[in-house]
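Quick one: this structure, given as structure tokens, is what I'll be asking you about.
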């Protein structure tokens, strides 16, 4: 960190700050420029103190954080891309993960029909929401445990792994009984209690980026999970909130190379929530693989017109088949193995 | 809602949509313009279906939502401003609520010293965090139940009401034993499980706006609480995330008149989190009361330089006293009673 | 357009609005719902009046615009993608345009060296700034007419088309003497005087999207140029301003399918300004072609470390060659001809 | 500035950077921490080089700018608030400037009627657009020189100063003949040619903040004007673009204390464009004065229902009179003289 002193900071002010920097464990390296003094803060000490409190000392203009605060999620901790295995299926590195399925679990029939077409496309991961975070309390909130049971049954019958969302610390244990991958939704990305709770399970976690989360906050959320001992985190870019109105959110495609620069964790893309409109899903999915993403999670519904949630952003089975054809063509150029 | 058909939509397309609109319970009023047909959707039916699924029908360009989806939180439900009483202290209408205290509870001494100075200023509500949502898992996470006990003791000794955050559905019962007002933090504004849980208590809830929540989402979060039977919701504008970098967030001062237009709920302002810098708190607080806010929640610390969190955005006791002097002068012009 | 009346609007209020709607040339189709009356506004009349003034009538809650306001830029005007020819080189449809070169023209030597390597890669369009919009008045402002001369000379020697920015209505004539394509920068996207001025030339215009321009505003800026008679407009997505800090801007990759849905104009991507960091340019360029873009404009400098502006976001010649290799592989899959 | 080296930067990398820092005129102060080396860059040298090019050197992770780049606009250049006089009327310090009038000049009658009511309220500055920046080329573009003549005549008759927008470098001379204050619109805040051109006149300039301009960019735009010799710049906060949809833009009320911290220039607020709805103008205007603004610019129209532009965001004469009454009450508390 760097402490920037005000131009009119006195000798006294500077001394006081340097002493405090040392007190909290760091070394202080002051540089006196022509106008401002800056104080480099190095070593190991109480970061929070410098970031949040030193700004209250007389003569301090600002504190600038220059290094990244995440540890376990960083490339420093693990220089090579993370690479793991979920029930025999490889994730990360040369593998391109495809997770597909309906937004919400509605019935066994609906899940089974979708799952069969995934199977035909050679897909291994089925998504479906049993607990649904909805903006309105009056909207369909999911089938809850009944939905989990449907997913499990269909998954076992067709040998598909199940990815499903958990929204409440009280339900983590239950959901973990049925799911192969626990999903944390965008609205819960900074629900720190929930992050710690899934960090204490041994299930891989699919962590969605919050609507207005910076890259640092996103990786710090992963850090919460990892700091509890669970290193199997898959990040998911699903669009950020901006001023645009035609798309539901703005897919931040740059998140892919940026996250890959700073972290070893795999990152996949959710084009369905990013744009909110099935018409744009194929081009955005293609952009994702071309930009280096490690996978996709996409909403597919056998009959989007009758979906109980998010029908407009779901591909039907024919469109999904088109998507996979185009993704396969790109995967070949990119030397990725789809699974 | 309005369904806008594409210019090249066929007669067939239009009929199919109209029939579906009726099937889900609404009346359909088509208007054939020179280019587009638009279909007005009126009456009572399955709103979600129209909003999320009708867009998948051939020939539909877009669905436009024109009325507000919240009910209990709306002016239609209750035309006059809500007005309630917390332990004898009036909230809303002509009353201007001031809640102050440290970001985090650190020790009995720190809380007591702050509380005494609130008392001197005639303030009735003490805030302090026992459970702290922190970006980093390595930062101080709060004293937990020990912190709640300190708040309770000091509150009883000095006759102050306690406002404190709850972060986890598992902890609602515990926190409610100690607190007079349950606070839901910005990062949990769409933690729907938590909203429902506090909605089932009989404690007033201070609901902070999410970093990128629209007004509609903010009021729908209140609706979640109210739909469980708890109508004592105080809204809190605490800054939204934008591109600006000098302030931590951007205080959306317009939220005050906008929320007051559409909802009967009281709305207060948190200038501390909005700007993240004690230097800007006084002008922003003054803006809040002048714009019609129903109160303030502000961070005050007897010794901000030693605060365990957010020192830079805390007022010291002298600055807090200055703030109150200026707020009192404005309250007089605005015919508000500070409590 | 739709006019939404307030719930408590009187019969009188509604009549007054309907009469006014008719007065300004439209037909009014009122629908009386259970709560609100909505008035559909159809036909041809004074749109501005409805959008900006009817909201002041008693009882009006809001006006909702549902159809797109652009005409010449729309798919309705021209259903097929625009396709034109710049000095023998095809733009649009199956052709993928690559424009490359330094941010600023610094010397004949620098431009020539870059241009030669474009030539080796089979590129036809050379970019370079002679007039530079810089945040600071103390930064290098470009070589002005001397820069234009260098571009022209090098362009003629190596048979390259010249793309260069014009910033001032006073300079349009001069710049048009040297340039094959006139570039309008993001900061001037709503400099309407400049748009009209370039609309009166017969030179193709490369129009960059403003930092916070909606799709509608972007297309309306194109409409300004087209309404003066110049239909050769190439749109350019170059990143929007959001809260992210690691990249200079956020590349809005969805702009490509969205613009293609509503407009016939070709759209290219500028990854250099979008991310501001050479490390991310190759993945973003690949995303662009995969998402369906009609081309790229990319900063290339023979020696980025000595560039007079924007060195950090420039590719060096080796990286540019890598980029082209990867783009060619994708172009094959996408059935695009690079030129 | 601070140069942050990558963790794996070699000795060689560090030496190369230090040498370059010195070559471009600065002193380099390296600090070797436990992980990263950081290099403090102090003294006077080629800032642009460090900011834009050093990032391309091997081993450089990032450059952090820590001091402010503006000079003439800064508090360092002039520690006290700027204070100037426009035709006998004082601007800045204890004076609260009110500028009012219609969005667009439509007729002598309309301007005269509005101007008379300003006069009755003791206001000295009349605004009105003769050249109108409109999103659509098909919207009313202003009466141009005829509009300027109307403003001038009415201004002379009623002894009011005229504030009007200039959009084109070609028109600066003409507009300056009629206007007392030249307005630069938000969309032209970074039209650098225009900024320089008005900087060469001797007329005070009202500079509106761009829709997505940071504070630094805003002050750098003022710096462009000042660097040409014209120091009479009045800044205007008029709302920034965010994700909110109920208000046209988001009034950034924090801009007032932030700008006052870093700059000596006066800053006023435009609530009309910030919210786009007459209903919210009074509370936002009150917030502005309470937060310390130096004035207001507000749209007033004798008959908003018939305004040729922006009727919905205009106050009628009665509302304007209410506004002034409330502003006067606050001005008294704030010890400001309204003029």
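Labels for the chains are A, B, C and D, by order of writing; each one numbers its residues from 1.
In the analysis below, a contact is a pair of C-beta atoms (placed from the backbone, for glycine too) under 8 Å apart; a residue touches a chain by one contact, two chains touch by 3 or more.
Not measured: the values here are computed from a predicted model.
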Query raised in the report: Hey, how far apart are subunit B and subunit C in touch steps, shortest way?
Result: 1
Query raised in the report: Of the other chains, whose C-alpha centre is the longest way from the centre of subunit B?
Result: C
Query raised in the report: What whole-Å value do you get for the distance between subunit A and subunit B if each is reduced to the mean of its CA atoms?
Result: 25
Query - Centre-to-centre distance between subunit D and subunit B (centres being mean Cα positions), rounded to whole Å - result: 31
Query - CA centroid of subunit A to CA centroid of subunit D, Å - result: 38
Report task. Spell out, as numbers or ranges, the residues of subunit A touching 2 or more other chains. Result -> 212, 241-243, 245
Requested in this report: Indicate which of the five shapes (line, ring, star, complete, other) describes how the chains touch one another.
Outcome: complete
Query raised in the report: Where on subunit A does subunit D make contact in their complex?
Result: 2, 4, 7, 29, 31-36, 38, 40, 42-44, 62, 64, 66-67, 76, 241-243, 245
Query raised in the report: For subunit D, which residues are in contact with subunit C within the complex?
Result: 20, 48, 52-57, 69, 71, 133-140, 167-171, 187-188, 190-194, 196, 211-212, 216-217, 220, 223-224, 227, 241, 277-278, 304-312, 314, 316
Report task. Please give the residue numbers of subunit C that touch subunit A in the complex, ascending. Result -> 212, 214-215, 240, 242-247, 250-254, 256-258, 261, 274-275, 279-280, 283-284, 286-292, 329-330, 332-333
